[in-house]
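Here the chain labels run A, B, C and D in written order, and each chain numbers its own residues starting at 1.
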């Protein structure tokens, strides 16, 4: 059994970098290399950004992050109790028609080894992502 | 009403620096200066060290930290569900007879503006500490 | 705010030289967007963005750059991303944006 | 482990020169304690601890130093703390330990 952190964070843009620093401290302690730590920072920030942009019903809410640490991997779960969405809404980015938005989930999937999105309309969203220690896959 | 963070941390020495980095990221975002941020890092680490050294009943437990952020101050509350102690056990450090231990709470009280310790034998301990923004008092 | 933008218009080459220091994320993106758009209101010109001291960017920041690029492309202008750190150029590559921005000094 | 200790025995002056880089806290204190005690087992001598790259210390680290100092004082030896950063010398001052350690280069 691994170690378990959880954080409850105010849904405000100014706190995403606090989450980034916490995640990078955990990843650093686990022995991830610099490039992997950067990947984890960006991926968790994308998930937090979505929780803040799309995942809140009112400004006073917090969202929650779980970190599961074991010898071989870091699992991060970002959970909000917001509007939720239907996962087949997600489109791949289209370079012929670049858009200002729509890159977040694509980036998370590119940087992490395993990503699972669970969303329930009206109930909320959870993005679970795993990064394995050791060489990049 | 201010913002509220909470973290649940595994009771292990290797994670105290994760807490330190999280606290310093929050304090930095709030606008504390470098010296104040260092004070906050040391104070929260002392409280976490106590929770880990004295405040656990079994190795698998987590302890909890609350951060309350408002315009004028940061309040940090480190809580464990460990053995607890009787607060009048705390002695002032004696320089004629320096000891390896017994400096932690003294340091917290020196670095923070307001400190309250609540402990119940058999139930656990909470150390609440406040640092005000603006010039040191 | 952990972002610092310094701008300089080079009249001879009709180009904006922009130094961005710090992090572009959901917290700072609006300021970056406003600053860059204001420059275009003042003078329509190519952009050279010096990223030597840009330590972090994510989709929110890329979105801002894409928005500016779209405005520039209408006037057949472009954005040069100069000296991005490895973590930053990695994001341009995985998103394919390296094909629509000009990236130098990787 | 975010601590790195480099040691050097100066025979002429009978003094241990110790460079400590990193952080001394509950996680790293045991290693520091073991390393310093091993040095004293090998050779009883004054300590000069270079703190230029010591970024963090708290009561756990001070406790280790106090333990070593007690061993040294029995043989009338001492510890010099050299070039501590402001956050570190602050802790020596508020605890009064600046009166029992020799602190240089503040």
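Everything that follows uses one rule, which is that contacts are C-beta pairs under 8 Å (C-beta built on N, C-alpha and C of every residue); 3 or more make two chains touch, one makes a residue touch a chain.
Just so it is clear, the model here is predicted, and its values are computed rather than measured.
Shared contact partners of chain B and chain D, listed by label: none present. Touch-path distance (fewest steps) from chain B to chain C is 2. Remark: chain A and chain B have CA centroids separated by 28 Å (rounded to whole angstrom).
Distance from the chain A centre to the chain D centre is 42 Å, each centre being the mean of its Cα atoms. Centre-to-centre, using mean CA coordinates, chain C is 48 Å away from chain D. In terms of their C-alpha centroids, the spacing between chain A and chain C amounts to 25 Å.
In chain A, the residues that reach two or more other chains under the touch definition are 14, 17. Residue positions of chain D with contacts to 2 or more other chains are absent. Contact between chains, using the touch rule, shows up for A-B, A-C, B-D. Per the touch definition, chain B reaches chain A in the complex via residues 1, 3-10, 12, 14-15, 17-18, 21-22, 25-26, 29, 60, 62, 69.
Interface residues of chain A facing chain C in the complex, by the touch rule stated above, are 13-14, 16-17, 20, 35, 38, 41-42, 45-46, 48-49, 52-53, 93, 95, 98-101, 103-104, 106-107, 110-111. By the touch criterion given at the top, residues 2, 23, 25-27, 56, 58-60, 62-64, 66-67, 69-70, 86-87, 90-91, 94-97, 99-100 of chain D touch chain B in their complex.
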